[in-house]
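Across the two complexes that follow, subunit A remains constant while its partner is subunit B and subsequently subunit C.
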Partner chain A sequence: MNIGEMIAHHVLDHDWGISLGGFRLPITNHSVTMVVVSILLVAGMYFVARTGANGKRSLLTTLAEEYVTFIRDGIVLPNIGETGRKMLPYFCTLFLFILSMNLVGMIPEAKTATSNVSVTAALALYTGFLIFHNGIKAHGLIGFLKGFVPEGTPVWLAPFIFVLEAISTIIKVGVLAVRLFANMFAGHLVLFCLLLIVFIIGKLYLVGGIGAVLPVMGMEVFVSCLELLVAFLQAYVFTLLTSIFVGSVVQGH
Partner chain B sequence: MGFRHISKEDHIAISSLGMSFAVSVVGCVLLGYWLDTLCGTVPLLTFLGTIAGFALGMYLLVRVAKNLDRQKKEGKR
Partner chain C sequence: MELGALKYIAVGLGVGLTVIGASLGLGKIGSSALEGMARQPEASKDLRVSMLLIGALVEGAAIIGLIFCLMTLIL
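This part shows the complex of A and B:
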């Protein structure tokens, strides 16, 4: 196995799916991780919610309350306003889902589903749906479409600007998907490539390879800490941007 | 500092300007290439997609710059 294959094996998704009567059911590392983490999250949150409903106080209940308050007062209400209260469960789920997916990749043998562009694109599509749904709900279809042309635009230029603004909304959603994917993918690639330095130097000169172990381990620890920060940061950025986009459509557009 | 007049929304718009530019160019090129292979007009639509993507990227860039300029003027008033 050459180095390129090793990197691809480590970073890319692997499909060991089954075929059922001509229908392909893809079971991949990322989809399994996603399903397992989702089940754990639903079960965990159900447990926390039930504990809270019984009137018992525990550390988990307090943590969950703090988390919801943070999403509500820090992200949803400042950017969307009172309309955002109805969407609070979605934002809480979105943040927790992305954060869990990002963090689970730090566990050895587990895979980061958010380093798969299909997963981030699906999440971004939900954001796109929220933007269009809330825009049409707040202003009506005509009002929403009118919002694509800024006030004071000359009439002859309006169709051109309309097309550009409509595409730029799609680009905004696309950037959201690429940002999360690129950050998570690049982080794991860097971690793995750092490890490979030891083997590459070792192949050229064995003592040099052994000598490179300690410095590379130091860098690995540093990049892993950075990855932890990025996991939280990207989950926050994705949720914040979703709320800002929805807010801009609901309030002003 | 000189960045006080910039809103949180615009900070994010500035930070994602480069990626917006890249996504618009790459997206339009890929769209052009896909249409090219569909219609058998290689490389006409890929070429047009490149130009359209570049124009779209520049439009996004100018829009953010104009927005910042307007906010700066409003802040000075």
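This part shows the complex of A and C:
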């Protein structure tokens, strides 16, 4: 029983070893889960859209409208303003994607796609692209670069503040990725290691192992509830921070 | 004082200090939010949303520190 191997098998990502002419296909646990859940999401959204197609009111259309209104009035419009209306579909998709990836990981044999740093880094890279794109579209390249340095700073101080703000923007985008990854990964790691405690104690003293099951299961239930809260919270925080970063660039100083 | 033993001492210190910092920060956030809710019960909903948001940010910083400690242990 090698603990490192068991952790690597259950919590980390590993590919299925399918090769195509000397090239290992990137079919891994996380990517298969992500593709399956994405297909289910697209099919579900198509079904929801078709239900309300001819003006028919039903529970699904009301839910979808509530959701879009929540994103629009809570996240996009207060932070970005009127130019955010064009980006509203992206924010709705982002929130639903992260939320469903986080929640699917709570099902026993399914993996969490967002507990892979590549997935969260890709989402954060798109946030960086949005910041860059909207900043240049709103103010032009020179205006975007000038927006880093606030009004009325002395000329000799401007280069330092510019470098500081540029590095700070890059780090903010990076921390966005690592925050989501670390929250999801740590949750599942703690859940798995609690189970390992039972087996480690049981290898030393069999009776101790049997007796350790009940407290460990209590802790597992508690940590699982905490992780459900963290799943919702981290999806909301990612979307809110993306909108705050884009808003601060669009509105200028 | 072999290298393996020093690694465990370092990781233990790191995790302990990180948790102290996170708990102090979250306690301050919670206490100021509760004080605001006690003064103005009708602002309770906005305060709750802000408290959860800032709590997630502070906890993100703490968990990043914890992940770095785990990396030193595993790598």
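The rule is simple: the second predicted complex is superposed on the first by the 243 of 253 C-alpha atoms of A that agree within 3 Å, B and C clash if a C-alpha of one lies under 4 Å from a C-alpha of the other, contacts with A are read in each partner's own complex, and residues count from 1 in each chain.
Keep in mind that, in the parts below, contacts are C-beta pairs under 8 Å (C-beta built on N, C-alpha and C of every residue); 3 or more make two chains touch, one makes a residue touch a chain.
Remember, it's a predicted structure, so these values are computed and weren't measured experimentally.
Using the superposition on chain A described above, determine whether A:Ala138 touches subunit B (first), subunit C (second), both, or neither.
It touches nothing on subunit B or subunit C.
Is A:Arg179 in contact with subunit B, with subunit C, with both, or with neither (first, second, both, neither)?
both
Applying the touch criterion given at the start, work out whether A:Ile171 contacts subunit B, subunit C, both or neither, answering first, second, both or neither.
In the superposed model, A:Ile171 contacts subunit B only, not subunit C.
Regarding the shared-chain residue A:Ser248, is it in contact with subunit B (first), subunit C (second), both, or neither?
After superposition on chain A, A:Ser248 lies in contact with subunit B alone.
Just to be sure I read the superposition right, which of the two partners does A:Leu233 touch: subunit B = first, subunit C = second, or both, or neither?
A:Leu233: touches subunit C, not subunit B.
Answer with first, second, both or neither: which of subunit B and subunit C does A:Val190 touch in the superposed model?
Once the two structures are laid over each other on A, A:Val190 reaches no partner at all.
For subunit A, which residues belong to both interfaces, subunit B and subunit C?
The answer is residues 175, 178-179, 237, 240 of subunit A.
Where on subunit A does subunit C make contact in their complex?
So the residues of subunit A touching subunit C come out as 4, 175, 178-179, 182-183, 185-186, 189, 233-234, 236-237, 240.
Of all residues in subunit B, which touch subunit A in the complex?
For this pair, the touching residues of subunit B are 8-9, 12, 16, 19-20, 23-24, 27, 56, 59-60, 63.
Please give the residue numbers of subunit A that touch subunit B in the complex, ascending.
Counting only subunit A, the residues touching subunit B are 164, 167-168, 171-172, 174-175, 178-179, 237, 240-241, 244, 248.
Quick one: in the complex, what on subunit C touches subunit A?
52-53, 56-57, 59-60, 63-64, 66-67, 70, 74
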